[in-house]
Structures are given as structure tokens and as C-alpha cells.
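Structures for review follow.
What follows is subunit A paired twice: with subunit B in the first complex and subunit C in the second.
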Partner chain A sequence: MKYETQKLAYPYFLAAMGLFVAQVLGGLLAGTVYIFPNLLAEAVPFNVIRMIHTNALIVWLLFGFFGAAYYLVPEETETEIHSPLIAKLQFWLFLFGAAAAVLGYLFGIHEGREFLEQPLWIKVAIVVVALMFLFNISMTLLKGRKTAVSLILVMGLWGLALFFLFAFYNPSNLALDKMFWWYVVHLWVEGVWELIMAAILAFLLIKMTGIDREIVEKWLYVIVSMTLFTGLLGMGHHYFWIGTPGYWQWIGSIFSTLEVLPFFAIVVFAFMVVRKGGRDHPNQAAMLWTLGCAVLAFFGAGVWGFMHTLAPINYLTHGTQVTAAHGHLAFFGAYVMVNLAIITYAMPHLRGMQPYNQVLNMWSFWIMSSGMVFMTLTLTAAGILQTHLQRVMGISFMEVADEIGFFFILRGLSGVVVVIGVLLFVYATLSTDKAQVRVGGMKPQAAE
Partner chain B sequence: MSEGLTKSAARNIFFGGTIFFLVILVALTVHSYGYIEKNSTDVAGITPGVEQGKAVWERHSCINCHTILGEGAYYAPELGNVWARYGGFEDADTARDGIKDWIRSQPTEVEGRRQMPHFEINEQELDALVDFFKWVNTIKTQNWPPNVAG
Partner chain C sequence: MSDLNEHNSGWGPLSSLPGNPIMWVLIWSELLVFGAALSGFAVARMLDVQTFDASQAHLDRFFGALNTMVLLTSGLCAALAVRVRSDGNSSASRWWMVYAILIGSVFLYVKIIEYGDKLDAGFDIETNTFFTLYYLITGFHFFHVIMGLIILAIVAWKNSLENLETGAAFWHMVDLIWVLVYPVIYLVR
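Now for the complex of A and B:
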């Protein structure tokens, strides 16, 4: 670690991991309710559990992105963070907002649009937090070296804040409501978040393989070009059946199919760079998460997205467990894994240790990933059956739910595996192994 | 694939292309806005009741179990066409009473069946909620869902 202010990332990563645990416990509970529907039915109904599951996910990913930015921007810009004080204030404000939101959900205090359930004052707080953060990072970038990695990262983060503003617009016409709701949700996860992810992966590959920055950055521009050229109009695949014009079926089908390209390019590029780079970086666990992210993002976001994105297919699968299958592997492969990659990479530096418990961390990778892949397969099977029974044969939703119950049992079991993997990851990241040598806190390290 | 491409050329393509596609997206969004207001939704039919019904729908976070026009959680039935499922287009009064009775009678407490909680919704709000469902069912959705099961 070369810069003092990179340490600002530490609490962000801790909070991210804490909320990650809360998120998967919420998920495990929701999955259990699928198997035992009477469980907690009155005390904590399913809709509340799900709000906590999805909101904790979003918030911890944001904590991770903020942490990643505070960690890598000083190194990229070769400048200390503009204001450590703002970074600290921003952290506590965000943590307070997140905790207040989750507590509020338990007491029935929330708004009612999916993923945007935060009460108005918390939405305002999120904007304030984002502005503090963007001011801080942008000032740092303006002072320092402007690399493509930092530029794309900051652009992604600005986009994130900008598109969140659509969360404040809630027209009474449901079709309009939905059209602009996607301006937050789609343009986040199939737009600007991909910029953030690509920038973090580029940073990790530069650091760990020792490959020429020029090559990585050129590819970074090519990849994020593919992302936005396809992803912006890929919006159309959400505009098939919500009251929007029929031409979206063509635009959405074509452009969202092409959304697979950047994910494919990331896989090809990441493996090429690692093969050519040849440097044997000591943090093998971080390398594993980096390559794993590329691969599972391709399958989760790319392949599983394509599976139901053509309008005639989506006509049948829209709003079934097929969507749930895609959602789970896409979020895990792309955004969970990129966060775990940067956390795995940065934590030894932040804690002033040698790359720590590699074996346990790598076990957590395989346990978590296989749990998620299996979960996706069970939900896919449930979704295909549901599509046939409900959409083709016209059997009612609740009867179909009983028919596909077996797959929800399997999904619940895979959820247990995932939770074990997550707990192991947190332990491996924060534990102190006997073999580790403490290498004085803030000293710059030679091996980078 | 990009041997002849320089970094600055790639950067220019990125910024130029992004602006290009963003402009198209915004233009199509503007057009779709007009289409929704003029063609696909009954704007005049958005009564205070429909508006209030949407607020009731949001206050109880119905979307985190149900779907509406296919979006939401996948734990409970689609409600975008619940009006049609209750036969509302043929017999409005029976459908209205049927939906209201169903909500009032929750939870079923049937063992092994997914449970809908009991919500504190008064008579007038229940009617507003039904107004909302009825209105949503008139949105022209390119004929989605494929059948009345939702």
C-alpha cells in the first residue's frame, strides 16, 4: 500500500462483509419460507424478508464499490484522497442510513416500489452520501494522474448517482412508473455498474499480472464501449409488456442479446492477460476471485440473461422463476465476486499482513460458487416447469407452486452451502493465521 | 482484435458512441412516454381512487410477494390481470367483492400453503385498491400475460 488514505477503504470493506452476511441470512430465511410457508408468516412476512435480502445486497455492494474507489483511486491517480474527513463522515452517514432502513422495514416503515423501498429521507441521505463521495473522489482525480481505470470508475460512480435520481419520480400511471423505474434498475446493473466492475477488474489485472497498462486500458475502453452501446438500448427488453410500444420487442431483443459480448470479451481478455502476464502474484485467492468473476458474470449475466431475453421467449418466461435464476447468478457473478476480488486483494495490505489465509479463502470461493451455481440450476428447472405449466397449460399460480416445490427444497439446501461459504470468507479475510507475519502497519510494501 | 486501435481512438469511440446511444434511448423514451399517455393507458381513468389504490399497493409492499405486469417477487400470483381472473370485465360487482373478501380473509393459515399476511386496510382503501387493479388490467401490454393464470 503506497498511500496513507487507501486505509479509508478498510471500514467500507468491513461494513460490506457485515451486510453481506445479513443479506445471505435473509436469503436463507426467505428460501426456508419457500419450503415451510407458515414459518414467521405473521411476525416477519415474506415481503419484509425479501426487502431486507435485496436491500442489504444493494447496500453492501455500494459499500464495496465505495471502498474499492478509496482503495484504488489513490494508487491510480498517485494522489492522496482529497478529504479523509469527508470519507469518514460519508461512511458513518451511509451506515446509519442502511441500519435505519433495515430496522424500519421490520416495523413496516418503507415505500413500495421494488428495490426502492427506502423511505424518502433515506433516499435523500443516499444522494447526500453519493455527492460527498463523488466530490471527494472527483477532486482527487482532478489533482492527480488521470488513468483510464480511474476515469471509467469515476464515470460509473457518477452515473450511479445520476440515475438514482429517477427513484424520486413516482407517477400515478403505473406504465410510466415502470418505464422510469428501469432508468434506475436497468441503467445501474446493465449499465454503469458494469463500468465500475470493468474498472476494478482492470485494476486487479494490472496489479496482479504486471501486464502493460496500455494494453489493459485500451481493452477497457473497448469493453465498456460494448457495454454501453448494447446496454443502453438493451433497456428495451424490460419494455416488452408494460404498456410501452411494440418496437421495443425488436430493439430489446437485438441489443440485449448483444449485451453478452462485453462479458464474453472480459473472459477472453482476463485469461489472455493472466497467461501472458506470467507474474506469479502471491495473492492467489484474489486472482481466483478475479477470474471467477469474469467467468460467472459471463454465465450469470450473459448466458442466463440471453436465455430469456428474446421477446417471443420472454413472453412466456417473464415474471417466472427463470428471472429469479438469472438474477441470482448475474448479481453473484458480476457484482458480488468483483467485490470479493478487490476485498481479497486489498485486505492484506489494509491489515498490514502478508496475503493471509489463502487456502481457507479459496475454499470459500469454491463452496460459495458451487452453491450459487447449483441454486441457479434449481431455480432454472423450477422456472422452466413453471413456464410450461402456467404459461403454456394455463394452470393457476398456486397449483404450479405446489408442483415445483421439490426444486425449492434443493434451492434451500444450496442456500445453506452459500451461507457456509460466506461465513468462511469473512473468517478467512479477518483471521490471523500462524504462518502470517505481521509486516508493520502503514509501511509501503515492495511487492505490489 | 484491436491491433490497429490506439487507446485514444478507443476512448473517443467510447465517449462518442455512448452519447449517440444515450440520445437514441432518450428520444425513444420521449416517444414511449407519449405512446403510454395516448395509446396504451387510460389516463382519463386514473381517478383519485386509482391513485389512492396505488398508494395502498405501495404502502403494504405488495410487490415483494406478487408481480404486477410480470415485475416484482415471484412468491405470489400476478396481479396485473387479477381483475380479469375474477371475471371483472363480465361482472364487475362480483369481482370487486371477490377480491375484497379474499384480502379480508387472509391469512388462510392452511398448513403448507404460502401465506398472505393480514393487512390493516379499511373498506374505502380496499375499494381504491380494486380500482387500481381494474385500471392496471386495462393497460395495453402487447397481450401479455399469455393466459388468465397470469
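Now for the complex of A and C:
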């Protein structure tokens, strides 16, 4: 860690991990409700549990991205963060907003619009937090060295804030409501978040393989152009049969099919860089998460997305468990893993612990990833069966729900495995191994 | 930009192509999109030949042919602009680009008349699958012609050889796509 202000990332990563635990516990509870449908039906209804599960996910990923930016922007721009005070205020404001939102949900205070359930004042607070952050990071970027990694990261973060503004637009026409609703979370995950992810992976690969920055930057430009070319219109695959004009079926099908390409390019890029640059960096666990992220993002977002993206197929699978399967592996592979990769890489520097406490972390990688992959497979099986019984044979929704119950038990069990993996990750990241010594703590030290 | 070879080195297979390597990434992406759209058109036609043939009869083949000639001529001008620039004649190169832009603009004019005729006759994007694809594919191409003209104007202004090659590569792609769109949508029976 070269720069004093990099340690601003530390509380962000802690909050991210805390909310990650809350998210998977919420997920486990929701998965249990699928097995015992009346569990907690009065006290905490399913829709509230789901709300906590999805909102906590998004908020912890944002905490992670903020942390990642505070950690890598000083190194990339070769200068300190513009204002540490703003970064600290921003952290507490965001944490307060997130806590207030979750607490409110438990008491039934929410606006009901999926993923955007936060009351208006919390949405406003989110915008304030985003503006503080963007001001701080952009000022840092302006005064420092401008690399492709930091420029693309900041571009992605600006896009994130910009698209969030559509959360404030809620037309009374339901079709229009849905049309703009998709702009928020889905132009993130299929657009600007991919830029953030590519930039973080590029940073990690440069640091860990020591490969020539120029090569990484060229790949980054190719990936980013492909992402924006395919992702923005590819988002049209959400516009099938929700009241939008029929031509979206063609636009959505064609462009979203091509969304596989940037994810595939990331896999080729990551493995090429590691092959050329070598993988003897001591932080093996961070390397594992980095490569794992490239691979599972390709399968979760790319392959599992393509599976039901063509309009004639989506005609049958729309809103079934196939969607849930894709959503789970895509979020995990792309955005959870990229966060865990940067946390795994940065935490030993932030805590000043040497050597790396890796074995447990690597176990958590395999446990968590296996759990998620198994969960995805069970949901896919459930989804295919559901599609056939309900959409092809015309059996009613509730009868079909009984028929696919077995898969929900399997999904619940894989959820337990994931929770164990997550707890292990947090323990491995924060614990102190006997063989470790503290070298310098939170003070600046020589770069790796 | 001064040292072309140094600037474009390290791009692997893209290094040897003229112009900026990222333009070639875009060109390949465009070809994939239009390729997929035209394949989709072919499959949709196979499933409903009658509607497609009846709808196609309302298209004006003459306008289509005229626009093919227009784009190819404009493409020739762009190619000549690159040729004379590489011979070192900067101002002649600018003029060729201006011709390319003027002739290319004729395409937009003809296409607007054509769209107007179709809309007046009551054929819009929701009429049937043929017209949905007609408007989507030619409309998307139309948008690329506009983009292409803007790019040509920029490279006519900042006319380094690399810029001209980059702009001309995009413009030839716009040509190429039209040469595929015209027979598939207007001519095939």
C-alpha cells in the first residue's frame, strides 16, 4: 500500500462483508420459505425477506465498488484521494441510509417497486452519497495520472449514478413504469457495472502478474466497446411481453445474444494475461477469485443469460425459475466475485498482515462457488420442469409449484453451503493466523 | 498518431489492418448484428412466405437500386481520399471526402422519401413481421449512414492517414451492409 488514503477503503470493505452476511442469511431464510411456505408468513412476509435479500446484495456490492475505487484510484492516479473527510462522511451516510432502509422494511415501510423499494428520502440520500463519491474520485483523477483503468472505472461509476436517477421516474402507465424501471439495475449489470468489473479485474491482473500495462489497456478498450455495443440495446430482452412494442423482441434477441462476447473476451483476457505474466504472486487466493470471477461471470451472465434470451424461447421461460437460476449465478460470478477478489487482494495490505492467510480463503472460494453452481443447476432444473408443466402442458402455477418442490429442498441445502462459505470468507479475511506477523499495520508501506 | 506502426502494435491480428484497431472491433460487431438480423429475416420469411412476398411487392426496387449506386459511388470517393492522402496530397484528399459526404447524403434523402411513401401507404413498424424487420434493419442502417457521414466529416477535418483509413473502413462497412440488405429485403423472391 503506497498511499495513506487507500485505507479509506477499509470501512467500506468491512461494511460490504457485513451486509454480504446479512444478504446470504436473508437468502437462506427465503430459500427455507420455499420449502416451508408458511414460515414467518405473519411476522416477516416473503416479499420483505426477498427485499432484504436483493437490497442488501446491491448495497454491499456498492460498498465494495466504493471501497475498490478508494483503494485502487490512488495507486492508478499516483496521488492521494482528494478529500478523506468526504469519503468518511459518505461512508457513514450510506451506512445509515442502508440500515434505515432495512429497518423500515421490517416494519413494512417501503414503496413496493421491485429493487427500488427504498422510501424517497433514502433514494435522495443515495444520490447525495453518489455525488459526494463522484466528486471526490473525479477530483482525484483530475489531479493525477490518467490511466485506462481509472478512466473506465470512473466512467462506469458515473454511469451507475446517472442510471439510478430513473428510480425517481415512476409513470402511472404500468408498461412505461416497467420500461424505465429496467434502466436502473439492469443497465447497471449489463452495462456500466461491466465497466467497473473490467477495470477492477484489469487492476488486479496488472498488480498480480506484472504484465505490461499497455497490453491490458488494449484488451480493456475492446471489452468496454463490446460491452456498450451489446449491453445497452441488449437490455431490450427485458421488454418481451410487458406491453412494449413487438420490435423489441428482435432488438433484444439479437443484441443480447452478443452480450456473451464481452464476457468471453474477459475470460480469454484473464487467462492470457496470467499465462504471459505468470501466477507466482504470493496472494494466490486473490488470483483464484480473479480467474474464478472471469469464468463464472461468463457462465452465469453469458451462457445462462443466452439460454433464455431469444424471444421464442423466452416466450415459454419468461419469469420462471430459469430466470432465478441466471440471476443468481450472474450476480455471483460477475459482481460478488469481483468484489471478493479485490477484498482478498487489498485486505492483507490494509491490515498489514504478512504472509497471506490463504488456505481458509481458498477453501471459502471452493465452498461458496460449488454451492452457487449447485444452486444454479437445481434452479435450472426446476425452471425447465416448470416451463414444461406450466407453459407447455398448461398445468396451473400452484400445482406446478408442488411438483418442483424437490428442487427447492436441494436449493435450500446449497444455500446452507453458500452461507458456510461466506462465513468462512469473512473469518479468513479478518482473522489473524499464528504464523502471521503484522507488518506496519495501517501505515503506508512499500508497494508490492 | 505520427508513427502508425508503433501506435498500432501489440493488437495481435488487428495490428495489420488499416486505421484504428478498435474500429475493426466495431465493424465485426456490426457485421454480427446485421448478419443475425438478416438471418432472422430469412427464417421469418421461410415461416411465412406469402406475407413476406405480398409485403415486399410494396417496396420500391428502383429506390433501392439507386441508393446502392449512391453508396458505392460515395465509397469510391472515400477510398480515393485515402489513396491521395497516402500519396501526400492532403487538400485533394479533403475534397474527395467532401464528395463522399455529399453523395452519401443523397442516400438519406432517397430513403426519407421512401419511408414517407411507405408510411403514407399505411405500412408502419407494427404492420407485420416483414415491415417490422424492414424498418428495423433499414432504419438501423440509416442510423449508421448518419453516423458514417459524421465520422467522414470529422476525418475530413482531422485528416491524418490513420483517421482517413478509420473513417473509410467504417464507411465501406456501411456500403457492404447495404449491398447485403438490398437483395435480401428488396429482391429475393
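Everything below uses one rule, namely that the second predicted complex is superposed on the first by the 440 of 448 C-alpha atoms of A that agree within 3 Å, B and C clash if a C-alpha of one lies under 4 Å from a C-alpha of the other, contacts with A are read in each partner's own complex, and residues count from 1 in each chain.
Basically, a contact is a pair of C-beta atoms (placed from the backbone, for glycine too) under 8 Å apart; a residue touches a chain by one contact, two chains touch by 3 or more.
This structure is a prediction, so every number in the text was calculated from the model and none was measured.
Using the contact criterion defined above for the overlaid structures, shared-chain residue A:258 touches subunit C, although it does not reach subunit B.
In the superposed three-chain model, the partner touching more residues of subunit A is B, compared with the other of subunit B and subunit C. Once chain A of one complex is fitted onto chain A of the other, the partner contacts of A:218 extend to both subunit B and subunit C.
Once chain A of one complex is fitted onto chain A of the other, the partner contacts of A:308 are absent, as it touches neither subunit B nor subunit C. Looking at the shared chain after the overlay, A:229 reaches both subunit B and subunit C. Look at A:281: by the touch rule set out above, it reaches neither subunit B nor subunit C. Shared-chain residue A:250: touches subunit C; no touch with subunit B. Residue contacts after overlaying the shared chain place A:351 against neither subunit B nor subunit C.
When both complexes are overlaid on chain A, the residue A:239 reaches subunit B alone and has no touch with subunit C. For the contact definition in use here, the residues of subunit A common to its subunit B contact set and its subunit C contact set are 214, 218, 221-222, 225, 229, 245-246, 251. Those residues of subunit A that touch subunit B in the complex are listed here as 34, 37-38, 41-42, 45-48, 50-51, 110-114, 117, 148, 172-176, 178-179, 214, 217-219, 221-222, 224-225, 228-229, 232-233, 235, 239-246, 248-249, 251, 315-316, 318-321, 323-324, 390-392, 394-398, 400-401.
Those residues of subunit B lying in contact with subunit A across their complex are 1-2, 5-7, 10-11, 13-14, 17-18, 21-22, 24-25, 28-29, 31-33, 35-37, 39-41, 43, 46, 50-51, 54, 57-65, 67-78, 107, 109, 111-115, 117-118, 135-136, 139-142, 144-150. Subunit A contributes residues 214-215, 218, 221-222, 225-226, 229-230, 245-247, 250-251, 253-255, 257-258, 261 to its touches with subunit C in the complex. Here subunit C touches subunit A in the complex through residues 10-11, 21-22, 25-26, 29, 32-33, 36-37, 40, 125-126, 132-133, 135-136, going by the rule given at the top.
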